[in-house]
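Note that chain A is present in both complexes that follow, paired respectively with chain B and with chain C.
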Partner chain A sequence: MPALSSSFIARRILAAAALVFVVSSAALALADLAPGDYVTATIGGDPAVAAAERQRLHLDRPFAERYRHWIGRALTMDLGESFQYRRPVLGLVRERAGNTAMLALAALILATLLGIPAGIVSGSGGGIAARVIRITSLVLLAMPPLVTSFVLLTIAARTRWLPIAGMGGITHLVVPALSLALPLAAMLERLQSEAISDALERTHILAAAARGIPRRRLVWHHAWRVSLGPLLGVYGVVIGSLFSGSFVVEVIASWPGLASLMRDALMTRDAPLVAGCSAAGAVFLAAGVLVADLAHAALDPRVGAPGA
Partner chain B sequence: MSTARRSGLALALLALVVTVAPLAAPHDPARQFSRFPYAPPMRPHLFDDEWHAHAPFAYALRVIDPLERRYEEDRSRRLAIRDDQPVFLLGSDGFGRDVLSRTLAGARLSLGVAFAATGIALSLAALLGALAGYAGGRLDAAITRFAEFVLVLPAIYVALALRGSLPLVLSSGQVFATLAVVFGAIGWPATARGVRGIIHVERRQEYAEAAYAIGASPWRVIVRHLLPSTFGFLAVQAIVLVPAFVLAEATLSLVGFGFAPPVASWGTMIEEVGTGAAAADAPWLLAPVVGMMLTIVVLQVGSMSKSRLRDRK
Partner chain C sequence: MVRRIAAVLVLSAAIAACGGRSEDRPPANASVPVRGGSLVASLRSEPATFNRLVNGGNSSATDAITELTQATLVRVNRVTGTIEPALAERWSVSPDGRTFTLSLRKGVTFSDGVPLSADDVLFSFAVVYDPKVASVLAASLEVRNKPLRVTAPDSETVVITLPAPFAPGLALLDNLPILPKHQLEAAYAAGKFQDAWNVSTPPGSMAGLGPFVLTGYEPGQRLTFTRNPHYWRRDASGIQLPYLDSISMEIVASQDAELLRMQAGSIDLMTQADLRPQDYASLKRLAQGDGAVHLTELGPAVDANMLWFNLTRAAASRPGKSFVQRAEFRQAISYAVDRDAIVSSVYLGAATPIDGPVTPGNRTWYSDRAPKYPYDVARATALLAAIGLVDRNGDGMLEDASGARVRFTILTQANHIRGRVVTVLQEQLRQVGIAVDIAALDPRSMFQRFAAGDYDAMYYGFQASSLDPANNLDFWLSSGSAHVWNAGQTQPATPWERQIDDLMQQQMAAASLTERQRLFADVQRVFGENLPAICFVAPNVAIATSARVGGAQPALLDPKVLWASDQLFLIR
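So, the complex of A and B:
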């Protein structure tokens, strides 16, 4: 494995930090500059009470001043206090973000375990198995998480095999994680299938075949390694779609993740909470992109070379 | 037939069906048959029990237990499938409204938003992609960076944040416009990158140089000569964008930032289904979910060329 230049890593980390900063600032600005504020969205009514509440929450100060204040504290990991919950945003977000991360990670692992081996099988040979996998994938590709979660929930509720809402033991995780994982697994399967069949046509694989290396070893050892490169690039993009997908799954399966927190925050114009949720989302995203970039660079020396 | 042409045809067909379909709805989507909440789907018949032919009809429902919502078919009463009769080919919802009629009406709204948003996204993509590809240099770098930034963001959160920054209560016309603009503003980057690539190559072709040499302005070269070469690519991109926007509408309406309940869109319909348990008791309420799947399938299969359908090997 080629060594990564430290400037490459540093630049990537800097880009990730910039992403988090820009996203959370933009979210704060959007939530803050939107028509109406927390007071009009929740209390309304009596002007005297509203004015007092605005003063308490510093909503009577100009936006620039509040933004400076927020940035200053955010740099020390203090994201302020949520208007509606009257609790520090950081604690709230950490709780929910943990749940979202658990769901997303479970889905990612499931999708990888299902999709990659299936793709290797379908990409390296014909036969019934390959055909079944291919058709299943095509069906699942037409079923985004919104659809799979409704289908799986209906099945779970009819058969009473699995709990259908909320969080609890590992069984509560099955329906939402699978809803998220199935379409993703189908996508990974298609990509892996293409990658492996392309890899099998490379000359060094042909040479290996000519040396008499058995087909099984050729597929699962030699060609698989070659096909890894193109697939890793996809994982960076997958993190984003996983995150978008988990939103709808969380809502449908009542999974207490970032989605419902963000929705509450937006509904009540709870600006610090909106910014906090967005920051958490951006951290996930930046981490995902960073890992994918570094992995890609580690596999392909041209990417991480000095000056690249 | 090329993939681009197939894609265009599939889109046109879908648009046509969606425009015409609500006219065929048996009921007014807002009409409540309050005695028949959660009525199960009824089968249409052409022949009665004695094999006499009739105009299409269904047997009337008899309420057995209004609390448990149990119904029984009354084989002695034939009801015509018309607006004033409680006939529900896809069952009814909790208010006794016809799910079929609502699904058809919802298709027009949900796909309407998706088509409008796709139009906006493709226009933005063509404009920005062409600028980047033609100008090169700093402008190119700036647009490409920005596109990559937007591409990385989880789209649905961005849509939610943008929508959330507007007044919470909007009329349904305003919601339509808002969603179309918000989705359009998020959906352009992937397409713009493709357009940039095509323009970047085409710009160096002889016909483009010739047009420039006889004194055409850069703007004219872009619009008249270069952009037409991206139309096929744009048609194919639309196939991806339309279903994504249909899902986005559903997701936003589901969390209360899209259309508001009495309006029938696919999003408000699944919002009204409520919990998974409700969906298990009355699975016909998931008709709009099936609608979304059909949209995706129609577009993808429609745009696939024969060789893709047959298989790659």
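So, the complex of A and C:
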């Protein structure tokens, strides 16, 4: 594999660090700006208890002071303690990120195995198969993830073929992974279809066809390589967003991942946890983009070369 | 959709005609209990702590865990409302009714084998009353804002003295789980009680006196409870309880997913057991079809949402909103609302129209003498006109004497049935010329606005922890923190609030139940005449359990099924 230039990698890492800093700072600030705080959990209640809790959590101090304190700890990889769980944020995030990663990887593999070949078929030829694939993709793209999740859950519940919630063996992964994978596969199919039909119009592909190279080889070997470039750019963002977690799928399928942890943190105004989950999401996004760049460089040596 | 609503209405009527409350007929799935087996329950949120006493401990998750793993000196039977012996086997009362001498049950040990003694009781009370702990339970164990005096003349006797006459008496003690001093004293002495028994605590290491021990916790997934081999309670045949070997509590955040799992048979009961109106019909079909689910109808809930207005002094001076301070305005709103329409359109028939915060579900304390507000648009319009709110420009909407439109905002909870009720209210009040704006917010934003007094009206509700009004003083007394329309008054702001304060103090100290009921009926009458808060409907409570669950005693008070978890068994 052609090596990326060290300056390219360094720039990417610096950009990732800046992204993580900006995202987590913004999350902390927004959690603070939102009405209510962690202590405003009910109506009534003992004001003395509320005051004592605010003091314990330093919520009675100005935001600037709390932010300085948080930054100082964050630089040593200490993201503070969750208000509600009273556990280090890093530990909580690490636990849940692992679960989300498992789900994301499964969804990514499924989506790739379904979407890419379908896109090649629909983009390289006509016929009934191509039409069916196109319509299926449009339906899946139009369906909100919530609806997809519930349809799959209902099928699983009625047939009892698969568990419908929670984590366990590999069978527990099927419903939530499919919920994530199907809309993604539809998107990849559409992109691949466009890309392959563009690639088939390229001069060198037409020349190869004129030289008598079989259609199948032309599509699956020559044109496909050319079509991957644009697709890989999307993969970076897709990987990042998948590994940050899908709130809808995790809540509906009771998958204990990062997104459901983020949701709980937001609902309870658990500011350190909100910042920690946001930082994790930013890390995944940056990592996803870097992985995509590496793959792109493997295909196109111009990417990542010195001066790129 | 219309056929579905009609079907539910017919079903509801049929059920109402032939149904009864759980205490009027044999318990659900009556059969001979057999020891063994595991149940699966669902839980809608993660526990923030396993420690019931500290902040975060009043969540429904921690409450459920405490019900399974801890025990109290006495237990209030959630179905009958009577006080039952628990860790205290018997007690005597002084002639003035203020001093109780409790004898602890002999031979009781914690789940780790350490014997229970009066020291554990003293320790538990010391912790709950310690201002440094700032326990969420402290207020529920006080009488007239004063703590109970607790002493122990010997290791098996506890003497509890109330600071003032208090009719509910020992029922207060059902609020306090008795903690293991031998495990928690060190943390308490070091000032770290707030961190004791947090969610990082290894399961199995927390000793308790309840029927189960927490033996597994997979964050975000499940909690596993295993039978406590040292549990002290036995059934009438002498069989040691609990019957079940274990209970697995699955964390299912989505109520839709919870329903699907109940329908699929992968959960046996819901910890937060109330069914949504839209779920009732599908579970009813299951119950009547293959009988996979058992539904227990309990009638109207004992707690209801209410619309209250900001009656604070600061709100009274807000321009263009002075009309909300008039009782006639609030009465007019109550007349203008068609409660049957809310029952049918929002609750799909599974609710009961009500006129006050004490619902017919609270059979001991509900008074039929409280003022009623039947749907009467003409009467509402007349009341509004009597206080100068009329349509002055022919646009169909009311204006006050200065020509300003009669308009106010209702704050309520977004993505909740409350929001749907408020939408109906908005339309119905528009019919009488009142313009209503809706601000649907997430709970914390809503609470923040409430705390800041930045609202005109609010539609929200509170979960009842007790049927006895003496245990809900923070709502009824003008000085109470939950006296929502004007909380924490140093002196009653109105004559009618002073009257309610006096009546509540009398009923709290009255010796006989009949006298207390008479006094509290007067409270409801005064409340109904002045309507600081308007109630429209109380949802009908139905509890669903899978058909294999036996021994369930569903109740209107939380925890609706798990309060008697030691008597649950699997039907073979």
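The rule is simple: the second predicted complex is superposed on the first by the 277 of 308 C-alpha atoms of A that agree within 3 Å, B and C clash if a C-alpha of one lies under 4 Å from a C-alpha of the other, contacts with A are read in each partner's own complex, and residues count from 1 in each chain.
Going forward, contacts are C-beta pairs under 8 Å (C-beta built on N, C-alpha and C of every residue); 3 or more make two chains touch, one makes a residue touch a chain.
Just so it is clear, the model here is predicted, and its values are computed rather than measured.
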What does the overlay on chain A give for chain B and chain C, a clash or a fit? clash
After the superposition on A, what does A:Asp37 contact: first (chain B), second (chain C), both or neither? second
For A:Thr154 in the superposed arrangement: first (chain B), second (chain C), both or neither? both
Now for A:Ile252: first (chain B), second (chain C), both, or neither, which partner does it touch? both
First (chain B), second (chain C), both or neither touched by A:Ser197: first
Is A:Leu206 touching anything from chain B or chain C once the two structures are fitted on A? First, second, both or neither. neither
For A:Glu53, using the defined touch cut-off, is the partner it touches chain B, chain C, both, or neither? Pick first, second, both or neither. second
Considering only touches as defined above, state whether A:Ile109 meets chain B (first), chain C (second), both or neither. neither
Is A:Ala10 touching anything from chain B or chain C once the two structures are fitted on A? First, second, both or neither. neither
Considering only the touch criterion stated at the top, classify A:Arg86 as touching first (chain B), second (chain C), both, or neither. second
After superposition on chain A, the stretch of chain B among 75-83, 129-137, 147-155 or 165-173 that runs into chain C is 165-173
Shared chain A surface residues [contacts with chain B and with chain C]: 34-36, 41, 150, 153-154, 156-158, 164-165, 251-254, 267
In the complex with chain B, residue positions of chain A that touch it: 19, 22-23, 27, 30-31, 33-36, 41, 126, 134, 141-144, 146-147, 150-151, 153-154, 156-158, 164-165, 197, 240-241, 243-244, 247-248, 251-254, 259, 262-263, 266-267, 274, 278, 281, 285, 289
Chain A-touching residues of chain B, taken from the complex the two chains share: 149, 151-157, 160-162, 164-168, 243, 247, 250-251, 254-257, 270, 273, 275-277, 279-280, 283, 286, 289, 292-293, 296-297, 300, 311-313
Could you pull out which chain A residues touch chain C in their complex? 34-37, 39-49, 52-53, 56, 84-87, 92, 95-96, 99, 150, 153-154, 156-158, 160, 163-167, 251-257, 260-261, 264, 267-269
Any idea which chain C residues touch chain A in the complex? 45-46, 48-49, 55-56, 131, 134-136, 138-139, 194-195, 198-200, 218-222, 250-254, 256-257, 260-261, 263-266, 441-451, 460, 462, 474-475, 480-482, 484, 487-488
